[in-house]
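What follows is chain A paired twice: with chain B in the first complex and chain C in the second.
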Partner chain A sequence: MKTMTNTPAQKDAERRPDPGTLLSVRDLTIEAGSKELSVRLVDHFSLDMAPGDRVALVGESGSGKSVTARAIMRLDPDFRLSGTVDFEGQDLLKLNEKQMVAVRGHKIGMVFQDPMGALNPLMTIGEQVMEPLRISGVSRAESERRAKSVLEELGVANAESRMKAYPHEFSGGMRQRVVLAMALISDPSLIIADEPTTALDVRVQEQVLTLMDKVSKERGLAVLLITHDLGTVAGFTDRVAVMYSGRKVDEASVDALFSNPAHPYTQGLLQAVPRIDQTVPRLLTIPGAPPHPLNRPTGCAFSPRCPFAFDLCLVESPELRPSPEGGVVACHLYGASGKDEGS
Partner chain B sequence: MAATLPVFVPERRSWRRTVSGLPGMQLIVPTVVVLLLVLAIVGPLIAPDALVYRSDILSALAPPSSTHWLGTDEQGRDVFWRIIAGAQSSLLSAVAIVTGFSFVGVLVATLATLGGKWADEVLMRVVDAALAFPPIIFALGVAAALGPSLNSAIIAMILTGWPVTARVLRGVMKETMSQPFVENARVLGVSRTRLMLRHVLPNSLDVLVVKWAGDVGNTILILGGLSFVGVGAQPPSAEWGAMVTSAKGVIATAWWAAFTPGIAIAITATAFGLLGDILQVRFNPALRKR
Partner chain C sequence: MTTVANNPKQQTAVFLLRKAASSFITLVGLSAFVFMMVKLIPGDEARVAAGENASVEQVEAIRHSLGFDQPVPVQFVAFIGRLLHGDLGTSITTHVSVTQGIQQVLPQTIELVLLAVLIVVTVVVPLATVSALHRDGKIDYTFKILVIVSAGLPTFWLALLLQYGLGTKAQLFPISGRLSRNMHVPTRTGSVVLDSLLAGNPLAAWDGLQHLILPAVVLALPFGAQLYRMLRAELIQVLAREHLTVARAKGVPQRQLVMQHVLPNSIGPSITLVGIQFGAMVGAAVLVESVFGLVGIGSYLTNAVSQKDTFAVLGGVLVIGALVVVSNFVVDILQLVRDPRLRAGQLGA
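Here is the complex of A and B:
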């Protein structure tokens, strides 16, 4: 696959992020596969986060949201990454593996979906929570003290004795608290949470989210929440970025996005959420499925499923433009040449 | 569905796990293993040399009696005392061999898992090549190079035993690598080496413990085979496998000469096999509590 050059977005890359920015992802492009058969999983993805910001990255399975999060942490050495990921003034994509190990867990924490499997069955809870501190040379006594305090902060009762327990003695919600404690113990400034509540039942989901909300507010922690659950988004974040087929297609504040979604895909997603106060003959869906990354349509990737698609959409992929709601949107309906009928 | 029916999931366990889980086994098995090891150390010291080594053709193939508790072999040597004296060369060499090649196998598997695609590919091709050597033939070659002795049999068996362990362990380690907790440790900034030593290796070793214990029994038998073709323990030294193989020709007339050292091998192999299972349960906190 031949890559295009000199898009307006690339000129964007030369701009330095302003100093108040914690994380600034610019034109992150992720490719997998061999040089001959390259799959572009994520295409010129950009996102800014200020300290304490809470941003959700939503999209269907395969939209590239998890891959993006993992690329920020540089977890998949086989993928080819381009663009820049500025974090606290450092381009993470330029660091070597050794420098990256110092960033992972210490400056950026990450929480995964499956709390049942996320803990080493042969190590005690305490050992695992302390591990990030122990590897950076903090003394055992000090690590124990901090592990105890972070577990208590996360609502683990009898933290001191529970630290001697093994993971199988903990419930799913408790394990997720432990995983969170592991991510928080080194006092990172950003947490990437990749579907942290998907594997939990609804009541425990609620508890964990409330806890994350409380902890991130108290610590001034920035959270990048990867999810496909719009309910989680509404309750937890300030800003939402919507991904579709490897691109960011919509970004707005939570209020704007839920009350007045700009992109037709976002509109479709919101309509597809069943509401308890409405009776519908059948659940609304977006017809069709996202395209395979090897077989994206020309023009806008969403055009085959879009009820508003017109001739331009089939030819030209839309750039991100300011949306009427104050965010950005990649849709020809909001372009100079398009008619505004999206909202 | 109107009513929910209780679901019974039949518990499936291996017979070894069942046996090792019997009350008392936690005590009996380690005791037997310790006794065997003690025997292996002191056996040659307490066995009277005259009964172990000196041929007495006149009393050859005598059935068990009060003078010869387990009878005599075709050379007229006392089978009971030969078993006691042979514990050392059989058991200690088997333990040494299995420990030796397990160590090499784990090392190779660790390097293959840690070293990335190329190291993995190269090491696994080396394993393929090493697997192609039949142990007996290879041992004959080593014996030709180093002279026939128990030591050359031990070296030969270490050199031919490690590839299987390496292959098995590499598979288990790759699987462990893909466990979520390994990824989780990675995002916490755990370096590759530490990841391997603290997370991947401990969670892969339960397989090794079982394999190690099972291999001890096997190895005693193969050592016997090597002695039989003249590569392993040299006559007149006592060695269980060699005793079985040399007496199997007379099994129809003097069953004790082959059968009793066979029983010794069987007891040892079973004890070590069960020990493997007990250790596996011991190492796994989730199994331990049940």
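Here is the complex of A and C:
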């Protein structure tokens, strides 16, 4: 299983047990808090990504999407993780911190929500972009050359002189390009983007997304996009996984999800998105709020807010089953009886 | 776009000049204040200068010769006038020039305080860092308790304890004095360690340093505790910042994370605190110096105050004030070196 001789050159040549899979998360469960008062933030989450795949992880705040992303990178040492996270043939949850350091930023890059707070205010842009390379022993001259080229690729003008500048001299959109450059410089095979455009204004959002789209296509990068913004999802990804209260409740291709959403929660989310091409008297919202992880209702966690909830929903938590649209869904509406009242 | 400074050197010069001017004003204000305070302390300076057995006529004669019969503002102007010539006046009790008197003792205090600052910084920074990284863990609690207890010990008692334990019992350090009896070093700068080195006598320098270690430790403890608490709190705040998660996600290993991302972002308030502590230590050195049989500006000032030696007090306070001003100046420079945002604000760079 553990192949620890992954130099960048070998990356493509080396074969994984299942060449079709880049990342395979199986039953990832994340718990926080003390042993006495344990909170299950994420419950048996599974997800597969092939090289070059673009998957969106969607959900409200507190649904566990960011926690999941951070758990893949093992960024929160206080969380207890179980399950497996197979990445390029090694289980990341079994690596020690030192081995994990070699994965972070080198094989998996990460982009964060708040570009204003994402950079060290005391280091020059160049130093920060070069850092992943410098850590792995690349010479200064070579690091500078690659930093310049990746910044140029991301549309930073005068990259060479801008590398000497400090973060406070950059705008939000420019900083996000720098954050992206830091994630890309080591030529990873997967980028995890945690709400990369949420903190930016709309025009800059568009620019950053277009850029991510272009760069990931050119490099054949797999992207896991964490967002609560379905608008972002539509233009950018191939597949969507919807999380609710720590569980994956729905997963489908973008087209299927938008045209024929399976889970009532997904339907609700879509109705809450303003559309240019449709005139609705009033934008629909999902009544209520997601439950606190310490206080989940018995049965389906969405049942108190679900317009289609029936007796079974209040008692039994639904398992993931194949959905009519070719994805998976965790909803009793798609039980053995094959009822489909959803759409 | 980057606003590249038209002339960074010029801007730095302007900044330094501005700082120097404000330092000068601070010193003038300080001397006026101290001058007033001395005048307000009850007691007759002329009587002290003349001696207990002097007649009324003799006292008046001395009062006239020292200018104490002039109105206070006139006395102050005369004092400032002499000050500009580097003349701090003559001590009315020892009849030695105050400048000379201070020159003899100040370097020894500075030696002591610098060593104490060095101890504070080299011990506290790693301690606070480990504490913050293991927040609320066993190590953190142990350090916390250790720091609080050591800072809570009264200086004189702690001094005696160390003298007994490390001096008498363990024979690790000399108990008292500035240099062993068999050592002789010609005085040049006044700093024993420096003079020994200048005289090409490293043995004497080492001996002088050993004499300083216990007093410096005693002096350092309460200040170290202060710094520990502040730095630990600041570190914990910085550790929660987003850019540290980003740095970790980039694959920055723990050690480099601490050295390049956490510490530089945390030490700002600590630099300011150490700057303030430097001045406070000069004052706090009095007690330590008396316990360990050292001379210094502290003992000089204490004597001067108790004898109502106007010029000696003024001189001593001014010199300490100047030290504080200088340390603040150094602090400002260090902060500018540390933080590019400050450079941009202050220098327009």
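Criterion: the second predicted complex is superposed on the first by the 318 of 343 C-alpha atoms of A that agree within 3 Å, B and C clash if a C-alpha of one lies under 4 Å from a C-alpha of the other, contacts with A are read in each partner's own complex, and residues count from 1 in each chain.
One rule holds for everything that comes next: a contact is a pair of C-beta atoms (placed from the backbone, for glycine too) under 8 Å apart; a residue touches a chain by one contact, two chains touch by 3 or more.
The model shown is predicted, which means the values in this text are computed figures rather than measured ones.
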Fit or clash between chain C and chain B when superposed on chain A: clash
Chain B versus chain C as contact partner of A:Asp187, first or second or both or neither: neither
First, second, both or neither for A:Ile135, with chain B first and chain C second: both
First (chain B), second (chain C), both or neither touched by A:Ser161: second
A:Val103 touches, of chain B and chain C: first, second, both or neither? both
Partner chain(s) touched by A:Phe112 [first = chain B, second = chain C, both, neither]: both
Chain C-contacting residues of chain A that also contact chain B: 73, 75, 98, 101-106, 109-110, 112, 114, 117-123, 131-132, 135-136, 166, 168-169, 179, 182-183, 186
Contact set on chain A toward chain B in their complex: 73, 75, 98, 101-106, 109-110, 112, 114, 117-123, 131-132, 135-136, 166, 168-169, 179, 182-183, 186
Residues of chain A defined as touching chain C within the complex: 70, 73, 75, 97-98, 101-106, 109-110, 112, 114, 117-123, 131-132, 135-136, 161-162, 165-166, 168-169, 179, 182-183, 186
In the complex with chain A, residue positions of chain C that touch it: 2, 241-243, 245-254, 256, 260-261, 264-265, 338-341, 344
For the chain B and chain A complex, residues of the former touching the latter: 179-181, 183-191, 194, 198-199, 202-203, 283-286, 289
